[in-house]
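Below you'll find the structure I mean.
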C-alpha cells in the first residue's frame, strides 16, 4: 500500500508526538538541562517540512490526489483529500508552528509540563493538516475534535493559575457543545443522503429534491458547531478568555491557525450542502458584519494587550467570512481568493502580534505585579500602560509589533491592507446595493479599529519608559528571529500581493468547484 | 529616463528612511546628512522631470509594474498635475529637512522623525504620480499614517497623541469615501487606471458615478481639512513646526485639491457635485478665516489660514477653474511653508506659540522678520508677490462665472485674511515686548534654518513668473482637462497689466487696504473683540463637540456591548442556544 | 407515528434535557454531565440515521469512535474541574468570572 506524501506527513507528526513526550519526560526526570523535547520537536517539524515539500510538489504537478477507500479500518471508509484549501492551511500551520517552536524555547522555558506542551504542539499540527484534508464529514468531525482536544491542555498550560483554568473550562464546555451540534448535522446528512463523503453528498443533493429542511437544518448545525470555534458572534464569548490567558505562543497558534482551520472545516461542510436551496453565503456575510462590529467595538475599551488582540481576531474573522461569504453568495472566485488571502495575512500578522506581545511580556514579566516567587502560578496580563517606551529598550520588538498592529489596522504597504482591500473589492464586484452598504460599514469599523491600535503604537514609542520597561530583561535571539521573519512576510505580502496567489488561487478554485458544480 | 526619475523621486527618500533608521539615534549628524541627501536627490529627480522632453500625457503610462490580476498594474504617469505636486513635495520637503537640522537639534528619537518625514516625501510623490487608483489610495493612506505619526511625534504629550489619533481617524474616514469610490469604480470598469475612469465616466450608470464622485469628495474634504471635517488640522499643530510646514501646509493637505482637480472632468456632470464642492470651499474659506481672527496661537492662526486658503482652491475647482486653483496651490505651498518655517524659527527661539507673549521681534530677529513679512504679504495678496497674481486670477474667474455665490464670499474672505494677517504681524513683530523672554539679546538663527527661509522667500517673490510656462505645460499634458484650462483667456494675459486693472483686482485691493488697516489696529490690543469672540468660539467649538459626540457615542455603545461579556459560563451557552434558534428561524422561514 | 419519527423525538428530547441542564446548572460537574447527555443524543441520532439509510455498519463504527472521543473530552474536563476545585475551593460556574468585559 503506497500512501501519498501528505498522509505520511500527518502520520509522522502524530506518531512522533509520543516520542517527544517520552524523551522529554525522561530528560526532565534525569534532571538534565538540555531541553531535549524542544530540540526533538524542532527536528520533527524539520522532517515535516520535507514531507510538506514532497506533498507540495505532488500537488502542483498533479492537482488533487484522491485517496478514497485507501484503508478501510473498522472505523469505516476514511476519505482524505489534499486540495487547494489543504495546501493553504498546511503551509500556514507549518510556518507558524516552526516559528513558535523556536520561540517557545525561552518563552515557556522550564515551566512544569514543557515536554507535554511540545508533544501537543506536534499533535496539533498533525490534527490541523488532517482536518483540512478530510474528505468526509465524520472524518472532518474527528480531526476537528482532535484539534480541540489537543488545544484544551495547551490553553490551560499554567495549571495553577485560576484565570487559565477558568478560560480552559469555558473553552472546553462551549467547544464541546458546538461539536455535539456538528455531530447532529452529520447525522442529518447521513439520514437524508445515505453517505458522508463530501463529493457524494454534494452530488446527492444536486439530484434529489426532497429533504430540503433536513439539509438546511444540517447546515445551520454546522454553522453553529464550527462557528463556536471560529468565534462567530454570538458564539464567540470563550475566545477572548482563552486567547488572552494561554501562553502567548499558544495564543498565536489559536488565533492564527486554529480559528482558520475551523473556518476551512465550515467551508468544507457547507460546500457539501451547497446545493441546498439556501444562500449560505448570505448568512456568512451577515455573521461577517456582526463579527466586525462586535469585535472592533469590544476591543476599543480593553486595557489588556492580549485581550485586545483577541477581540481584534473576532473582527478579522468577520473580514474573512465577508470575503468567503461573497464567494459563496455570488459564486465568484475573486471573493474566495480575497477571503483566503485575508485568512493567510491574518494568520501571519496576528501570530506576529501575539508573539511580539509575548516577547514583551517575557521581558517585563518579572516586573509586573507578581514579583514574589512564592506564587509562580500567577501570570499577570500585560496592560497597555506597561508598554510605555518599550521602543527604547526593545527597538526591534517594538518595530515588529507596530508593523503587526499597522497591518491589522489595514495600513499600507502591509499584508493586512492588501487583503482587506481585496475583500472589499470582491464584495463590490457583486454590484449589489445591500452588499455595498455592508462594505461601507465594514470599512468604517476598520477606521474605528485605529482607535485602539494607534494608542498602542504611541505607547511603544514614548520617550520616557515605564519602570518595568527600564528594568526589563533581554529578549533572546531565538525569540526575535521568528518575529523578524514573520514581519518580513507581512511586508513582502503587502508589497507583492501576487505572491499569495500561489496559495490562494488553488484554494479558491477548489472551493468554487463545489459551489458551481 | 522618466521611469528612473520617477523611481528615484519615490525611492530615494524611502531608501534614505531605512538608512536613517539603521544609523540609529547615536549619530544625529549623520542622520541629518543622510536625510538631507535623500530628499535632495528626490528633489533633483523631480525637477529633472520638468524638462519638456519628459512631459507625459494623462493616461500615457511611463512605468508599469505588474501586480497580479487583483490589483492591476502599478503605473506611473508624468503629467503636469502630478509632476507639479511631486516637485513641490520634494523641494519643500528638502527645505524642511534642512531646516530641521537646526530646529530639531538635540531632540530625542530623531531617527523616527527623519524616517517618517522621508517616508512621507516618497509617499506623496507616489500619490500624485500614480496612474492606478489602488496605488493612489495606498499612497494616500501612507501619507495619512506618516502625518499621524509625526503629529504624535512627542508621544509623551497626551495632547499630541490625541491630536495625532484624531487626524488619523478623520482622514481615514475620508479614506473610506475614497476606498468605496474606487471599489465601486473597479466593479464597473475594466481596470483601475485613472485614465480609464476619466474616459469612461460618461458611460457609467449615473447612480454609480454619483457614489464615486461623492466618495472622492468626502476623501478630499477630510484630507484638505474642509468643513466640516477640518477639525483635525488646528489640533495637528502639536506636530514639530517643520512638519506643519511640510505636511499640513504645503503638501499633504493639497492632496484633496489634487484629487478634486484630477477627477473634475469625470465628475463635473454629476448633478449637485460641483455645487457641493463650491459650497464646501466657500464655507471653509470664510469660516476658517473668521476663526483665524480670534486665535492667539500663531500656529493655530496659520492652520486656520491654511483651511481658508484651501477653501479658495476647492471653490476654484468647483467653478471649473483648474489652472487657477493649481496656480493658487503652487503659490500657497510656497508662502505658507515660508510662514510656517519662519514662525517655527520664532517658536524655537521663544519657546511659546502664544502671540500675546511675543512682540518686539522686529529688531531682534531680522533674519526671520523679512521672510515672514514676505510670506504674509503674499498671503494677503499684495502686489507683486506670487499670492497676488494667483489670488487675483482665481477671483477674476470667479467673478466671471459665479459673482454672487463664489466671488462675493471669497472677496469677503480676502478682506478677513488681510485682517488677521495684519493683526498677527503686528502682535508678533511690532507690538511692545510682552514677555521677559523676548527681551534677550539677538538670538542666533543657524544657517540651516535661515537658508531655507531665504530660498522660500525668493520663491514667493518670483514664482509667479512661471505662470505662462505652467499653462502651456498643463495644456500639453492634460487631455481630459483641456476644456477647463483657461478656456477664455490667452496665456499672455495671465501676468500683465490686464490683471492689474481688472475690476476684480480693484475691488479686492480696496478691501485689502481696509482689512490691513483694521487688522493693524486690532493687533495693538491683545484682547479680542468682546462681543464677537465668544460667538465665534462657540461655532468653532461646535464642530469639535459634534465630533466628540460621535466618538463618545461609539465609546458608549462599546461600553454597553461589554456588558454582554459577563464571563458566566451559562450565559455564554445562552449565546450558542440563541444563535442556533435564531439561525433556524431565519433560514427555515425562508424555505417552509 | 413511524419508528423514525419516534426515535427523532427521543433524540430531540435528550438534546433538550442536555441543553437545559447546560443552561441552568451552575455546578461544573453537572455541566459536564449535561454535555454527556447532549453527546448521547448525537450518538443516538447517528445510529438511527445509519439504520434508516441501511448503513448501520458505518454508523456503528462512527458511534464507537464518538464514544471514545467523548470519553477523552470528559476525562479532560473532569481533570480541569478537579484543578479548579483545588485552586478556588468551589465548583460554581457562576463564580468563575474573573475574565469578563
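For the reader, a short list of remarks on this structure follows.
Residue numbering begins at 1 within each chain, and the chains themselves are lettered A, B and C in the order written.
In this section, a contact is a pair of C-beta atoms (placed from the backbone, for glycine too) under 8 Å apart; a residue touches a chain by one contact, two chains touch by 3 or more.
Just so it is clear, the structure is predicted and the values come from calculations on it, not from any experiment.
Of all chains, B has its CA centroid at the greatest distance from the CA centroid of chain C. Centrality annotation: A (chain centre taken as mean Cα position, compared with the mean over all protein Cα atoms).
Averaging C-alpha coordinates per chain places the centre of chain A 26 Å away from that of chain C.
Our note on geometry: chain B versus chain C, Cα centroid distance of 63 Å, whole angstroms.
Averaged C-alpha coordinates give centres for chain A and chain B that are 42 Å from one another.
Among the residues of chain A, those in touch with two or more other chains are 166, 169-170, 173, 177, 240-241, 301. Residue positions of chain B touching 2 or more other chains: 562, 565, 567, 569, 573. In chain C, the residues that reach two or more other chains under the touch definition are 22, 31, 93, 96-99, 101. Interface of chain B with chain A (complex): residues 66-71, 108-109, 112, 134, 137-139, 141-142, 145, 148-149, 152, 154-156, 161, 164-165, 168-169, 172-173, 175-176, 179-180, 183-184, 186-188, 211, 551, 554-555, 557-559, 561-562, 564-565, 567, 569, 571-573, 575-576, 578-580, 583-584, 586-588, 590-592. Contact residues of chain A toward chain B in the complex are 166, 169-170, 173-174, 177-178, 181, 212-213, 216-217, 219-221, 223-224, 227-228, 232, 234-238, 240-241, 277-278, 283, 294, 297-298, 300-301, 334, 337-338, 406, 411-413, 417-418, 421-422, 424-425, 427-431, 436, 439-440, 443-444, 446-448, 450-451, 454-455, 457-459, 461-464, 496-498, 501. Taken together, the chain C residues at the contact with chain B in this complex read 19, 22-26, 31, 93-94, 96-101.
Note for the complex: chain A touches chain C at residues 74-77, 138, 142, 145-146, 148-149, 152-153, 156, 159-163, 165-170, 172-173, 176-177, 180, 183-184, 186-188, 190-191, 193-196, 240-241, 244-245, 301, 377. On the chain B side of its complex with chain C, the touching residues are 562-563, 565-570, 573-574, 577.
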